[in-house]
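In the two complexes that follow, chain A is the common piece, with chain B as its partner first and chain C second.
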Partner chain A sequence: MINAHLRKALSKQTWQPAIRDWLKNTLATGLINLTALVVSGLFVWLLSDVVLHGLPKLSWGFVFDAPRNAGRAGGIAPIIVSTSWILLVAIAAAAPLGLATAVLLTEFTRPASRFGRCVEASVGVLAGVPSIVFGLFGNAFFCVYLKLGFSILSGGLTLACMVLPILIHTAVEGLRAAPDEYRQAAAALGMSRSAALLHLLIPAAAPALLAGLLLGIGRAGAETAALIFTSGYVDRMPGSWLDSGRALSVHIYDLSMNVAGGDANAYASALVLIVLLLTINSLAMALTQHWLHKKMIRL
Partner chain B sequence: MNPFLLDSELPADPNSAEAQQNAYTLGPIQAGPACCEPTPLISVEALSLSYAGKPALSDISLDIYQGCITALIGPSGCGKTSFLSALNRLTDLIPGCRVSGRIHYKSRDIHATGQDVQGLRRDIGMIFQKPTPFPLSIRRNIELPLREHGMRHAADLEQRVQQVLQDVGLWAEVKDRLDAPAQALSGGQQQRLCIARALALQPKVLLMDEPCSALDPLSSGVVEDLIQSLRGRYTVVIVTHNLAQARRIANYAGFFWVGEQAGCLVEFGRCRQIFETPRHELTAAYVNGARG
Partner chain C sequence: MKKIGLIAILILIGFITWSVRQQPNNLQATSAANESTSKLVLTGSSTVAPLAAEIGKRFEALHPEVRIDVQTGGSSRGVNDARSGLADIGMASRALKADETDLQAQTIALDGIGIILHSSNPVATLDKQQIIDIYTGKIVNWQAVGGRDAPITVVNKAEGRSTLELFLQFFGLKNTDVKPQVVIGDNQQGIKTVSGNPDAIGYVSIGSAEYEAEHGVAIKLLPLDGIAASVENVRNQSFPLSRPLNLVTKTAPTGLIKTFIDFAHSEQVDDLIAAQYFVAVPR
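Presenting the complex of A and B:
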């Protein structure tokens, strides 16, 4: 009797599924590990390539000097300044507008209203528009129509248009994820909607807002196509934001594509760009942490 | 002496220990006659409520008496929460929710044009089933709504925070960590903090939607004692699934039931009458069935 059970248990019918399951599991975990390896490997390779080629050229002189001989020699000081200005203009224009749009969509429009759906659809379409199209639009609208010419302002505003959909999308997601209980409890305490928004919902959505902002800065910092038509490629130190200014990404593109013998400096510039973006990221994160903490205990 | 005590709570001798214990130190007892000749503070007439065209409450009429605890009981989904939310117009927040009928608070229609909704909600506070502390420190939880209502001086705020925390019996537990996150408190402490936050605005009415149901029996007992201590000083409307609790604390009780399509009020009266001599057979069945 027992023997029969044992034999049945050990027979092929019961073993095969077990083996199949084991195989499936191993295969699945293997595949997942492989993907992780490929992704992180790609990142490490990219970073080490830039660091290895860029680091030897990097010095204080490179950061603080003006470029000479079309960028083959000298440094990138004016370019760092232009880049920072362009990014600043882009974020200063896009962040408030993006947050305001998201607040309007989530807090002051009924879900499924025609207006809300229209705005969200347009945001989705805008997010998918290639950057070169933004460049052409920025040139036609800011440079020509608004007569801002090739300038840091035109470039920054064009980038603002480009990152706006990202900011709106992440902010909407963040605000939608903020617990409804906060809205109800705040209303039940006789607080106005704007007070609830300012003191509860925006802080609750802050991590998402920050993530969107960093994504936007990253995209804006890497943008080349949209800037060539709007902020131009003059590599002098900008005197005002109505001057043309060359962004780091444009400089890297120019050095590696148009200037023979510019590769080394292109790598060094790329390294500077990465460090610049990382610095902005950590700064923004630290500031948000600080702000959230202060918000919690004081006004 | 507190004129709002339950019949069974009336101490024989006003100088007895029990009577002393009921002599509150904080806040005056709301002026008004005793519950044997009650004055309605809120009167609801023919209230109906629907969500996106689907009726949830139909034709509810009742009076909420000043200084008393009114318990609302009934099965799940009969619209008790919806009824409470209608009383301070929290239903305005829900898209597609329509309220008809009249609700008078202090003899004034709360749906009248020009009604100050924020002021109304400040007067008629609400405590939710799930404790809803804000992601702020304990102190800021109480200060934030106060500041919104124009209290600015640090000393006033400080004093009010301490007073309400003492009122809800939380002061001893948190006085050393007022700047710690409120969400790190236990569930029962969070619920008491929410009550303190509502009390800080000096409301006249507190609506409580199953305030003890998310708490363990001990914390639930603490919150229940707290609600008891509010009698006379505030008008309390409490929804509870705990019939024993309703019986222990309420002066008045209302029994809701899911009618043909929407929730309706089957019976309303003195708590003792509802539980001991219900007029309606549904009430009798619910009260007795749930007891067994």
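Presenting the complex of A and C:
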């Protein structure tokens, strides 16, 4: 209503379109800036909350000690080790499978074929499954049916199932974005398909593959529901991949929701988790940069 | 480049064969666990789990050849896993029900359940009928029980939680009668929900509520039937709403399972029980 009135009043005089445009532009810019501010403000607020509460508790002792008194005292060394193992198992299992599926979908099947559509649809469905369902499936399949018990292996493989759709999806997007000229030129030069894939297409898709990998690691590292029933609750230093090991996210959840007086250490653990994920991310990015650079020189 | 790929594939194959090779050993370990050679698996109540894990650590220190693995999932799961043999010992934060008498339970500690309000709430006491009316939605405003004019936020526990079962049983309610605004899971979540909402009412474990209230969290415990909700009154068993924390086994415990349960029931763990804000059983 008001808008319509305003527009009417404004359009009566000839000099007003200029003002109207100026108003529109300022408003649009302002809104966009506000959105950016809200998004980054949210991030800063979240991070500063964790840093402010977590930093006083954080020390070398906290990182290298075992938890005591249900995690209220002591550190989180075994939990960091378990988390790293779980992530490693998850990525080691999911990355090759995800890349292979993406290659199959983009290079060896036509997008319109029934098989390709079936695979893509099932990946889409898998991406929408809530993590607690993965947890229950992982518990029933890996822990009970395959008799792996509550173990790092069960937890990692459950997470692998969970991040697989992300990896496949981003890898497919990346490979599809590689120009067809590459494939044609490779064929014209008599390169084998695997050589073209290895030397042209995968390097071309590398940024997308990396983005998918980082998203996957991020999702896996933040996962609680899928892990509490698979890798379990034991906060001892894991001796093998068949030992139960508590993940950082499970530890944070337990300290904040189940253990009275565990908040301070929950914040410190959250800070460690954030730092761990950031380190993995920057490491992966640096590695890819390095690798791409070498590749370009050789090309 | 080819070399790196080859190495990666070799590592992957090595990983897979290693895990497959390990599997038979693991099978043996799980079947042998019943004869209690080296590893005890406990599953169940999230309330008991931190205590059981601490008792387990002390037990491991005394018996270096033994490993105690504690997993959570709720009391019902503890009972089911103990019955199915998936766990050596189940943890339940309630007494066994009538249809669970085929199992054996050993109480290792007591826990009281208290009604909590936000500390700014002027209401100092509620009688049984008032609490029932609030939880069934007959009273929806604090004014009706002498408080300020504000709608009541009823915080209830999720299905399958033993705190819920105990609460319902004590007040003679069915879960379908309860009209909650918030449904929560673990204990600390209840404390956080009520401390963050001046008009909320909830019920949580007394020990941790007492600890949090002493440490400046904005909650207060209400007396029940005129008896103050305190650890002391749970210990002398005068507080009416309390529950046992049980270790459940399928058959009368023998061997290592018996050693562990006896240890968990001895005065050697009294300090651990107090550290988790529970109450040691009178022996």
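A few comments on the model shown:
The rule is simple: the second predicted complex is superposed on the first by the 284 of 299 C-alpha atoms of A that agree within 3 Å, B and C clash if a C-alpha of one lies under 4 Å from a C-alpha of the other, contacts with A are read in each partner's own complex, and residues count from 1 in each chain.
Basically, a contact is a pair of C-beta atoms (placed from the backbone, for glycine too) under 8 Å apart; a residue touches a chain by one contact, two chains touch by 3 or more.
Note that the structure is a prediction, hence the values are computed from the model and not measured.
Annotation: superposed three-chain arrangement on chain A; chain B versus chain C shows no clash, the two fitting side by side.
By the touch criterion defined above, A:Ala204 lies against chain B but remains apart from chain C after alignment on the C-alpha atoms of chain A. When the two complexes are overlaid on their common chain A, residue A:Ala185 makes contact with chain B while staying clear of chain C. When the two complexes are overlaid on their common chain A, residue A:Val259 makes contact with chain C while staying clear of chain B. When the shared chain is aligned, chain B comes close enough to touch A:Arg110, but chain C does not. Using the contact criterion defined above for the overlaid structures, shared-chain residue A:Leu46 touches neither chain B nor chain C, since it reaches no partner. In the superposed three-chain arrangement, the CA centre of chain A forms the vertex of an angle with the CA centres of chain B and chain C, and that angle is 160 degrees when rounded to a multiple of 10.
Between chain B and chain C, more residues of chain A are touched by C. By the touch criterion stated above, A:Ala140 is placed in contact with neither chain B nor chain C. Of the two partner chains placed by the overlay, only chain B lies in contact with A:Ala195; chain C stays clear of it. Look at A:Val129: by the touch rule set out above, it reaches neither chain B nor chain C. Residue contacts after overlaying the shared chain place A:Ser240 against chain C, while chain B stays out of touching range. Our summary of the superposed model lists a minimum C-alpha distance of 12 Å between chain B and chain C. Chain A residues in contact with chain B (one complex) as well as with chain C (other complex) are 199, 295.
Residues 69-71, 92, 96, 144, 146-151, 153, 198-199, 228-229, 232-236, 240-242, 244, 254, 256-262, 295 of chain A touch chain C in their complex. Interface of chain C with chain A (complex): residues 1, 5, 8, 12, 15, 19, 22-23, 25-27, 30, 41, 46-47, 49-51, 53-54, 57, 67, 69-73, 86, 185-189, 191, 207-208, 211-212, 215, 275-277. Contacts from chain A toward chain B in the complex involve residues 110-111, 181-192, 195, 199-200, 203-204, 295-299. Across the complex, chain B meets chain A through its residues 88, 90, 93, 95, 118-122, 125-126, 128, 130, 132, 134-137, 139-140, 143-145, 147-149, 179, 181, 194, 197-198, 201.
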